[in-house]
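Read through the structures below before going on.
Shared chain: chain A. Partners: chain B in the first complex, chain C in the second.
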Partner chain A sequence: MTDTKTRGSISLKGSATLVQEFFNFGINSILYQRGIYPADSFRREKKYGLTLLVSTNPKLEEFLNPLLKQVESFLARKALKKLVVVIQEVKTKEVIERWEFKIETEDVNEEGENSTRQKDEKKIRQEMADVIRQITASVTFLPLLETACLFDVLIYTKRDATADTPADWTDSGACLIKDAEQVQLRSFSTAIHNVHTAVQYKPDL
Partner chain B sequence: MGDEPTTTQPDYEWEICRENIRPLRSGRRMAAIKEALSSTTSAKNYQDRVKEKFEEVSGSAAESADPIELWLEFIRWFDESFPFGRQKLFYEYLWKIVLQYGTDERYLNDERMLRIWDKMAENSLGNGWKVYQHANTIGSLKTSAIFYAKWAKCFEYAGLITEARKVFQRARANCATPINLLNDEENAMEMREIRRVIEERANDSWQQDTDDMVIDEDDKRIALTRLQGFGEERHAPIVRQPHLVGEGGSLRIRDGQLKKASCSAPANGFQIFTEKENEYEQSFLQGVYEMNTHIEHIHLINPEEHKEDVLRRVPIKKNSAPQSAGFTIYDESADENTRTTKTVAKPKLMLIKSMREHSIEEVRCQKYFEANGISDEKIY
Partner chain C sequence: MAFRQQGNSTATTPVSKMMRGLGEVSLQGKTPGSAGKNRALFSKTPTNGGLKRAPLNRRDITPSRAANNVSCAMKYGGDRMIPSRSASQQELASFLMSQSIPNQSLNTSKSAPCSPSKEELDRIKFMKMMRTKSSTEMCDAEDEDRILVFRKNNAPLPPVGHMNAKVLYTTCVQPSSTVKKASRQIPSSAERILDAPNIIDDFYTELIDWESNNVLAAVLGYEVYLWNPDTGEIGLLAEANENTDLITAVKWAADGRFLAVGGDTGRVKLYDPTKNKELRKLDAERVSRATCMVWKDHILSIGYKSGQVISHDVRIKNSVVGVLDGHSQPVCGIHWSVDGSQLATGGGDNLVNIWDAQLLNTRDQDDPHVRLWDSQTGTLTKTLKVGSQVTAIRFNKDYNEMVVGLGRTSNAIKIFKHPSYTEIANIAGHTDRILGLSMSPCGQYVISASADESLRLWHFFKVDKSTQLLQHKRSKFSTLDALR
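Right, the complex of A and B next:
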C-alpha cells in the first residue's frame, strides 16, 4: 500500500449538489422499497455503482424536483439541518415510519478563502452507496406496510433561512412516532456536509 | 488512512446477515436481532430451549385466567430468538397452541387468535389459506372481517383470485364485521387484480410486438449458403417447409408457379442441380432429401437412368467416400480396373512361392533373363 491517494477539492456548492443528488436517489429508494408507489412505476438507473430505482410517476417528479432544488439551495447556504421522509397511513394519517437525514455542515465559506475541503469524490460516492445499500437492506427488520400509505418530506432549516422558502410550503409538526424503534444507519461525509441516516418505526409485536 | 470510517463493524452485522434474517410482517427489533446474532446456540440447544420455554409457558397458562396473552408472548419470544426462521419447529408449537385454544369458546371471536392463525399461515410454507380454512371450519373468528381479508389475500397471492372472491362471499354470508373493512379490502383486491391483468396484457402485447419484429427481421433475411433468394431483393423465405424448399434449399413451389432464380444471380452459386428440374417433382420430401445426404438421392432416383447426375453430385455434396472416387474418376472401364488389380496381386504370390527355393536376387535375375530371352546357361 502506498501513501499516495487521489484527493479532490470540493466546494460548498459542489457538496450541496452531491448531497441533493443523494437525497433524490435516497428518497426514491425508500419509496420503492417501502412500496409507496407501484414497482412498475420505477425505472432502473445506474448510480454509485448500484442499480437504483427512480420513479417515473410525473406527479411525483413534479413534487420532488422543486423540493430537491430548494434543498440544494439550503445546503449551499448551510441552512439545512435535517430532512425527514415521513410515511403515514392514508386512512388514519398515523405516522408509521420516519427516515431521518441529519445534516451537519462544516464551517466553510461560500467563496474565497476556506471555501473548499479535500476529499476524493469516489470515496464520497462510495459512502453514499453504502447508505443506499442499507436503505435497501432495511426491509430485513422493518414491518410490512400492508395498508395504503402516503409520504411527506419535512425540512428542518435554520431560522434565518425561512425568508426564501417557497410560498406553497407550510409549517409542520415533527410527525414523531410514539414508542418508536430507531435504527441508526451508516453516515457519509462530503468533508463539508456530514449526513447521518436513521429510521424510526413501530414494530407490531 | 485518515479518511476511513470509524464505524465499528459489529453495529452493522445485521446488514451482513440480512439474507439470512427472515423478514416479518410485524417487523423486528434491532436489539433482538443483534442479540440473536451474537448467540451461538447449536441446533440441539435451540430445540431444547424452545421445549423448555414451551413447558414453562404451558405451566403458567394452566393457572392463568387469560392464557392466550402468555402464548402471544411465547410467539414474540420465538420470533425474536430465531431470526433465521425455524419455521417447521415454530409451526409444530403453534399447532399445539391452536389444538388447545382454537376451539376454546373464550377465544372463538377473540381477534388475538388472529395473530396465532397469522403466524401459522406465515410458517406453513405456502399453505396459509389452508390454515385460515381450518380456522374457519372449527368456528374461529367467523365474524371477523379482517380474518376473511387475510384469508382472501392468501388466495390472491397464490394466484387463486376466484377463491379469494369466494372468501369475501363467505364473509358476507357469515355477517363478518366491520363491513366497511370488508368492502375496502375487496375493492383493493379487485384493483390489484385489474392492475395485474393490465400488466399481463401489456406484457403479452410486448411479446407479440417482439414476435412481429422477429418475423419482420426474417422477412428481410438475406439468403446465405444453400438458401435460394426469393423475390427481386433475393431475400430468404420466412417459413421453410419441405414442400416449399426446392433444389439446393431454394424456395420453389412444386407446380412451377415460382421459378428458380437465374444462374446469373449472385446470391447462390449452387446452380448445378437446376439443369433438370422436372426430375424431382415426384416427391413431397424432395427438400428433406436435398438437405440430407446423397444416399437418399440414390434411392430416390433410379441410378441407371441418372447415372451421370449421381456421379456429378458426389463431389459437390462432399459426402462421398474419397477412396472409391480415386478409382472411378481416372479409370476408363471396369475391365481395366479388374486387370490392374490382378497384375498387382500376381507378383506377390510368385515372390512368396519362389522365395522358398531362391534368394530375391536370383529370382529377379531369372525373371530378367526370361523377359529378354537370355538363357541362364550362357551367363553361368
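Right, the complex of A and C next:
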C-alpha cells in the first residue's frame, strides 16, 4: 500500500526535473523538425517510447545545457510562467515562429506538508510523448522556413523571483509576431506543473 | 431524348454549377430516389450528347454509388450513421476554398455585392476554419512578469550553406533511390577514347575542363582544342608560341562564354570560344607556371607553381584583386566552396589552405591516401588508403559518389560511395597515370586525361531515364544523346 503511494507521488523538485527533461527533448525536436540545424548533426535517442532526435553539435550542447539547468532551478522555485522558443531569420532578425510553453504551477510547498502530488510517472511520460508527437506532426502545417534561421529562448518569470538571476539572462521583449496564427497543441501535467504548448507562426500569405 | 434532356440539365457550365451549389444540391438531396434512378440510367449512356458540351464533374462520374448510398439508408432506416453527402454543399465549399480571387457572382449577399473587405472576411473565415486565432488577441506578459532571454542571439549559427527546407525532402529525390545500387552497372570500359598526343605528363596542370560548359577544352602541348560532344566537332582554339609558352591550365567560366588559358610563363589569356578570339591577357608580377584556375563570377583565381594564388577581376584594367601566399610548393588544386564564401587551395607542400574559411575535399599529392575533412568543424572525417598517388578527385552529387584518379602504379580510376566511402568500382583502362578528371555538365559522364596520351570518356553515373532529375538536366543543358 505504502509502496504504491510513494511510487505515484511527485515532489516539486522531481516535477521540475521531469519538465526540464521534456524541454530538452522538446527544443531538440523543434530544432530538428524545423530544420534549424542540419539533420546529420542529430542522433537518435529512445525516450517516452519514441525515437527522438538530439543534437550532437557540441556548441549547441554548450548553449542548451546551462539553459536547461537554470530553467530547472526556476521551475523548482515555482518562478517560471512561460518558456518560449523564438525562431527568427538570421538576416532580417524577423521573428517567424514562436513555440510557447505556458506553465502553471500548483500551490505546493517545497518541503514538509503539502509538498507532493499523486500522479503516475508513466502517465506523465505518456502525456509528454503526445506533445512531442504533435511537435513532430506540426511540420505538416507550418510554413517552410526557406532562409537560414536561428533561435532564442525566452522565459517569463515572476518579477519577485528573479533577484538572483544568473548573468546569462537579460531582459527582452516578447518577440511577438504581428497577425500571427496560433495552433494550440496538447498539454501535459505532472500534477505540479501544467504545461500548455502552442505554436504561433507568421502566416504564409 | 429523355437522356438528352437529363444531360442538359446537369451540364456543368460555370453558371449552372454555381446555381446548383447554391440551391439545387439540397433540392436533389430531398429527392434521392428519383435523382439516383435518373443518374443510374444516365451513367449507362456515356456518349450522351449533352455531356460533350461541358466537362464531367464528380457527380456525373460516380452516380451509381450515390444511388446505392441513398437506398441503403432507406432500407436500414437510420440504424447506422451514414453521412448524407448530398445534403452538404461539398462542391460549393470546395469551390469557395479553392477560389482565391473573390468571385462576385458567388457572393450570396445582395446588399454588399462587391464589398472591399471581402478578402479580409475570407481570411478570417479561413482562419476560423483552421481553428487558429490571431496572436494579437492574446494577452502576453502580465505587469509583474519579467521576460528574460538566454544569451541573446548566441545560439550557434547553422553551418554555412545549410538549407532549412531540405530537411523535408531529403529522401527519394535522388536517382540512386530509384536505380538499385547493387544492380547499377558501372561500365568498366570507356564510352569513347580520344587520342591526345603531346599531353604533358605532369599532374601539376589542369589539362581538361568540361564542367561548366558542354564543350570540352583539352590542352595538348602548345595547343588548346575544343571538342563538342554533341556534334563530335573538334576545333583548334589557340596555339601558343612553341618553346616559350607551354599551356598548362584551362578553365571555363561558369556561363561557358570564356575560357581562361594559363601558360608556363604564368600569363593567362581569356578566349571567346565562339569567335576563336583572344579577349585579354592577365599579367601579374613575378609569377611562375599557372597550374590551376577557378572562376567565381568575374573573379578568376589562379594557382601558380611558386605556391602563390592570385585573383583577377577580369572586368577591370588592373585586374589583380588579391594575392594569397600560403604554399611553399606548387598549388595543385583550387576550389570554391558550394556557397562561394570560401576558397580552398591545396599545395604540393601537403597543405590545404582555406581562405576566408573552408571546403570539403582535399587531395594530398605525395601520399597514397585520400583525406576527407569536415570543413565546418575542421576535423578529419575519413582517411582512405588507395595504394597509389592520388592525382584527381571529383564528386558526383546525384549518386553521392567520389571518383578518384590514381597515379603510378595502378593508373586506375576508383569510385567510392559516400558516406561510408566503400570502394564500389576500380576501373583500369589507362596504361599510364591519370593526370586529371573532369565531369560533364549533366553529371553523368567523366572524362579522364592520362599520360598514356589518351582521353577516355566514362559513363559512370547513368541516371534513370524515368527520373525527373534527368528531365530537368535535359532542359538545362543540351542533350548528350549524340554521344551514343
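Going forward, the second predicted complex is superposed on the first by the 198 of 205 C-alpha atoms of A that agree within 3 Å, B and C clash if a C-alpha of one lies under 4 Å from a C-alpha of the other, contacts with A are read in each partner's own complex, and residues count from 1 in each chain.
Here is the rule we go by: contacts are C-beta pairs under 8 Å (C-beta built on N, C-alpha and C of every residue); 3 or more make two chains touch, one makes a residue touch a chain.
Everything numeric in this text was worked out from a predicted model, so none of it was measured.
Contacts of A:Val139 after superposition on the shared chain: both chain B and chain C are touched. In the superposed model, A:Val153 makes contact with chain C only, not with chain B.
For chain A, the partner that touches more of its residues is C, with chain B and chain C as the two candidates. Once chain A of one complex is fitted onto chain A of the other, the partner contacts of A:Asp204 are limited to chain B, with no touch recorded for chain C. Residue contacts after overlaying the shared chain place A:Lys123 against chain B, while chain C stays out of touching range.
Once the two complexes are overlaid on the shared chain, A:Glu181 sits against chain B and chain C alike. Of the two partner chains, both chain B and chain C are touched by A:Pro38. When the two complexes are laid over each other on chain A, chain A has residues 38, 139, 144, 146, 148, 181, 183 in contact with both chain B and chain C.
Those residues of chain B that touch chain A in the complex are listed here as 3, 5, 7, 11-12, 14-15, 18, 21, 23-30, 33, 76, 79-80, 188, 195, 199. Across the complex, chain A meets chain B through its residues 5, 38, 40, 119-120, 123, 127, 133-134, 137, 139-144, 146, 148, 181, 183-184, 186-187, 201-205.
If you check the complex, the residues on chain A that touch chain C are 32-39, 57, 59-60, 63, 67, 70, 81-82, 90, 98, 139, 144-160, 162, 165, 168-174, 176-183, 200. The touching residues of chain C, when paired with chain A in their complex, are 127, 130-136, 138, 140-141, 144-159, 162-168, 170.
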